[in-house]
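Listed next: structures, encoded as structure tokens.
Below are two complexes that have subunit A in common, paired first with subunit B and then with subunit C.
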Partner chain A sequence: MGEMDLAIQEFLIESRENLDQLDRDLIAIEKDPGSRETLDRMFRTFHTIKGTCGFFDFPRLETVTHAGEGLLCDLREGRLAWSLAITGILLELVDVVRRHLAGIERTGTELEEDDSFLVEALGRLRDRGHDTSGPPIVPGPGSIAAPARPVARAAAAATPFSGLAPASRGEPADGSPAASPSEGTIRVDVGLLDKLMNLVGELVLARNQIFRFTVDDHTSSIEGAVQRLSLITSELQEGVMRTRMQPIGNLWNRFPRLVRDLSLQCGKRAKIEMVGKATGLDKTVLEAIKDPLTHLIRNAIDHGIEFPEERLAVGKPAEGTIHLRAYHEGGLVNIEIHDDGAGVAPSRIKQKALERNLISPEQAARLDDRDLLRLIFQPGFSTAETVTSVSGRGVGLDVVKTNVERIGGTVDLQSEPGQGSTFKVKIPLTLAIIPAMIVTSGGDRYAIPQVSLLELVRLEGEDACRRIEWIQGVPLYRLRGELLPLVDLNRILGGAPPQPPAPGVDPVANIVVLQADNRRFGLIVTEVIDTEEIVVKPLAWQLKKIPIYSGATIMGDGRVALILDVLGIARTAGMNAQGGECACARSDVAADATRSFLLIGLGDGRRLALPLEVVSRLEEIDAGTVETTVNREVVQYRGGILPLVNLATRFGGATAPRDRLQVVVASDNGRDVGFVVESILDIVSATPEVRDLGNSPGILGTAVLQRQVIDLLDVPSLIHGPAATMKGA
Partner chain B sequence: MGCIRQFCTFSLGELSFGVDVRSIQEVILHHEMTRVPTAAPVVRGLINLRGQIVMAIDPRRRLGLPPRRSEAESINVILRTEDQPVSLLVDAVGDILDLGEEQMEPPPETVRGEIRGLILGIYKLPDRLLLILDTERMADFDAATESAA
Partner chain C sequence: MRALIVEDSCATRTILSQILRGLGFQVVEAGDGSEGLVRLEETGGADLALVDWNMPGMNGIDFVRAVRRRAAHDSMRMMMVTTETELESIARALEEGADEYVMKPFTREVIAQKLELMGLWLE
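What follows is the complex of A and B.
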């Protein structure tokens, strides 16, 4: 009932406003009977109320408004001329509608009132208008023409039902409760709310400033006052935030209709069930998710729910169900869109992705089911067998993903073939005030939205030198065994490129581990200051195209700080935003084909490249620890046995014996191999065009990287045995 | 009788400029600024104008004039533009002048480069020339592209 209440509440507020306008229009039209605009507006009012009544099942109200709509339709089309009688009857109609609305507000149902006299009167007026358009309409028996009489009649009609409500409640004689819910709400200009929000933001800043003074000055009276100010400010901020919150039900209300229309269009049967309609969201967020959610519903009907006969054949009810669920969790809003349809088979996605050249066969072999499901969010991916007017044009879920990510959210798909699919959308509550981590670089402060923050790593002294590995100016860090690419914020901001720390200096490295899309990376900052709630302010349009900033904020001392765009930084740093450089969340299927490669030297000037995503660690091992089994060299490594492949000898070269071996540990499908190399040269990001030039086994193909022709290592084949069949790209 | 318009005048080195007073929101003294790394050099930084973040630009860069030599602090002339206020960092602010609209002359043919598209016209004052700036166009650039200097 609560969910319905919300919708009815809105209907009441809107209808009242429209009726007030109608009252004014009725007066105005007497002076200017020909005004088409006014007629149109009046027609629309009745039309809207009638339509909504059909939805809520208020047949009486529907009948009277339908009669009014008909009369106005005749007037609009010139079949009927305006007359005093019409004004009178319409005014009476407005009153009747008002009374019904008041009744709905009180009891949830319309009044048991007999309106047939009014409907008949309207009908007679229309009939007469059709016969003779010239002479003014004279009131017939039982009809209501003179303005004086309808008023009296309305008053009389009001009497019986005002008795429905106990007089002890102190309600006015007209029957509407003194403080009815819809009268307790007002419509406010969003601009005003934005301004209030801005001012509250300023107040928060001023409070922070004062707070800082009291840290130095421990006069207890001031401290108490500041504490109170602080409390009030927080509450005020929360209150103003709440004024911008709207229940997600406002958005969902359109979906039952959408589901009905779409399922008809597709020849399917579906219904929608919603849980958590009252979940509140900031207005801007609500608007931002409107399109993505609509798209997911379309998708569920078009691709998810099967045709009735198919459903019956597998023992499901003919009518499919789409469940919408919304709830708050950890400062985020979760929205789930579940359908009990056919689900998505990972194998079918794989096949489609291969057909559409979104992934190579090698990549396909490496992806697990979850990664495969994620492919559905790639641009150019559509599993619809045929193009329908509903969806299947290849513009689809990638747009949903982009739109959701734009507001700092995520979208994920879970699917059980035969049982249905669930899309999980997680979005922030509000975009206006966000928790952020304040860092410095190059003497300036920057804010990093906390949603992208995974952890902080601080390396001091020895660790800062040893645990950050430098490959030709490109730093890498081993985070619990995984290689984490590092990005120097100072360099992104146009500062000097980072240098390996000079000996003698006591080095400190602060790494902020961030998640952008499916990728992790470490951002090297000079200092990590604190976390703070910041008020997000937009940047001047001239600055919006700079990818590394998403906005600006005003700090406690009144100075401006820029908010970093984590995704933009990842892209600027040359990291492929879609691929998973971290081996743990490996979904290295690139939307754009930019990938990172590790360049290695084999001595005598020969080089090879291997995709960075397969590299898990770089090691230096003592040559003495290498043991030889029947057919290969191995080393005991992390409690296991790591087979070694000496790339120089593997590809027909010679190596000088060494004391320490450079080893690149690569993994594929849970199996590791250590490639013994002469040197590690560089990491490059490129969009290589891989050609098969009749390569030798173990070589995937040849590409141009950094203006040099370089062979790409086929890591899976080298891991899973040298005898494995080789494939070109 | 032509229209009399009021111009706020300011200087950049040797040159005098005028801006219609109606397009000026306010003039404030030096304000703490936050730089915007990687933005075009014309963007000098962001200032906090009573809770509103305003971009300060270097009119010298915008107009293609040589950089300022003096270390003296600049003055913010906050312009109202169609979108949001923009601050021009100028050397000094002068008087408000009442000038007849019809006395304004188009910039001479020989004035070329960036500056030409940004001035509406020139007044011949007794002691100097006053260049009237087109404020909308001054603020019309994309800071993400390097050429916008």
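What follows is the complex of A and C.
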């Protein structure tokens, strides 16, 4: 039985390979219907499957492939001319065969499905062909089968073995035959490659370990040997990695068929062109991008390419083209999916996003075209007027983005209205060995994938004190004048919350500035060790559910270090979407339903929230520097005059006089205002549903943030409106 | 006894090879006719060749013809492995110098009988 299992495995593998080729051939043959070579290959695929089915007792599969073989035989012999109907039915046949193969893989037997309709349809096609082209030139197999058998027997008996076969001259097979592809390549079990990869990973670790021993020992003659070991290990690592590389063409090969089917389904015409098919990618990466790429192709046909008449009307060829391009760049693979369709108009995106409440009108006004285009990756966004069966089904491009980001990649969109769109996907070559920054926190070591790392900031002494603001336990750091939310790794890991440095102790802070999605934040770690190539090991199931870890690795000294998931940390820390990003990278203010708010206290327990994106700075000023002009209080600030609005008194409360004032500097349309507050409480992310409960002037509405009802400050009205001219504190 | 299997389908090769090994043959496999010729040179020949008809590259009949043109493998017996749709071609293969044919799907018993017919295997 085991022997049969092996044969079935081989049958499944080779049949699928042949069917993949058949898919490609079916597309190719539409362009060149007379290609004998292609027809032969297609014939052979059905022929081989049919022939092998007999051994395993798969009668249904045998019947359908037999019908396909017959049809191809007619085509090959010229009894039937190629037509669109033939392509259609053969594609259908390929699907049926694949279903059977899948069934065989799952259950060991073919499916119980009734394919007779297909067999009959194939028969009808053949009959119709015969009718038009006259009676078959060559008698069918049925008529020759009977006499052939005795002839064979007789011949076998008459010439037991003869060396008298006539020699035909010029036979290329004589002498040195051309190398067949099977000589230069062998099929290797993926499990074995995975194991090799693992072993190489271990070797890299052992190398790192030995390397550490010899770092301090320059005199020893072992140094040279270690260097050689190091070099060979690196080469071996590269070599093994290459064995796992598969050309992206393996994945793309399915796309011509997909494009054909989808465009027919949508009533459009499209073709696909590919550049860089040979670009190699690690197997696991290739598998991971399969769905995102398929989705982008679907999207291009469904939403990108216009209907033929529309295309002709604007002077484009009726048939749209999708260009796929792949190339290596700096350790990453770039994949571009370009369509020459209608493109995406940022104004339309803006309109849709507003309709769907993905952004507020204020946000919309602030977004540039690039930011607007990014909105289409937001959950709940779809530019299709109607949900179609092709790329609709409620699955949006946000899934593409999530899937690409899961493997450490990025996706971006460029579009020229009227000219088409280009999606750019960047992904790492491999997921197995990655460069990472090793840091410590709470005495343990952690690895941070280098891909998310922007910069390292080390603050010492007074510097640290002055530039990190420990406001109500929420640390913020001003990096080159911009606010960067800080997350203490130790706190995320469940350790003690960060404490403002005790007086007298020389404070040191190591901040790892990270990019997660479109947001930036600083991760406070105890110590930054070094960068290292780490071998990614999957997490045990107990740890898999913890979002802040993405894997584990073994360090040079044999200890285990967990690999941090930067996105997971950002989420755990509650920095959704543009937490920090608004203040740090103004141009990146992506509009997301989730927004970040600065929570402030007005004393006497009252709280207010203001959108973080309007906050440019948090200041503490000496009450003595406040000057009073005719109708308001101002302070000299950064070479200008900053009007102050005391929010407590503005909203009808009282404030106790203080020596130092907490000031939130906010800007709108180039005008600044300093809000004097009692305390700065927190930064929270939320998707608030703002309600207008008949609020007083200066209040935008009321929202629920952190399960509390909080008034939202209407910053523009406070800056530009009459309130700004009112006397403040 | 040594056997060469010339067959492009991996699955069929495995099945044939298992049957022949079970019958006591040492088996060498090739994916098409030209590879079959190379294997023959490498191994110094075989007593039996099982040859598929329809293969990419060099097909079965060309292989038979090429082998028979060389005196070195005169003593090698060749059996065509076919399906019923290829029966018309068997006569041609036999003319070119093949000795027997077997039709897919075959069983171990059928192969054994055919070998017995050729005097290559006795139960």
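Just so it is clear, the second predicted complex is superposed on the first by the 436 of 729 C-alpha atoms of A that agree within 3 Å, B and C clash if a C-alpha of one lies under 4 Å from a C-alpha of the other, contacts with A are read in each partner's own complex, and residues count from 1 in each chain.
We adopt the following convention: a contact is a pair of C-beta atoms (placed from the backbone, for glycine too) under 8 Å apart; a residue touches a chain by one contact, two chains touch by 3 or more.
It should be emphasised that the depicted structure is a prediction, and the values quoted were computed from it without experimental measurement.
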item: Partner chain(s) touched by A:V709 [first = subunit B, second = subunit C, both, neither]; value: neither
item: Contacts of A:I546 with subunit B and subunit C, given as first, second, both or neither; value: first
item: Touched partner set for A:G494, first subunit B, second subunit C, both or neither; value: first
item: First (subunit B), second (subunit C), both or neither touched by A:E14; value: second
item: First (subunit B), second (subunit C), both or neither touched by A:L6; value: second
item: First (subunit B), second (subunit C), both or neither touched by A:L192; value: neither
item: Subunit B versus subunit C, judged by how many residues of subunit A each one touches; value: C
item: Subunit A residues within the subunit B interface of the complex; value: 198-199, 201-202, 205, 442, 444, 492-495, 537, 539-549, 552, 554, 558-562
item: Residues of subunit C that touch subunit A when the two form their complex; value: 8-15, 18, 31-35, 37-38, 54-58, 62-66, 68-69, 71, 74-78, 83-85, 87-88, 90-91, 94-97, 99-101, 104-105, 117-118
item: Complex interface listing, subunit A residues touching subunit C; value: 3, 6-8, 10-11, 13-14, 40-41, 43-44, 47-48, 50-55, 69, 73, 141, 144-145, 148-149, 151-152, 155-156, 159-165, 167-168, 171, 173-174, 177-178, 180, 182-183
item: In the complex with subunit A, residue positions of subunit B that touch it; value: 32-39, 43, 45-48, 50-55, 83-84, 86, 139, 141-145
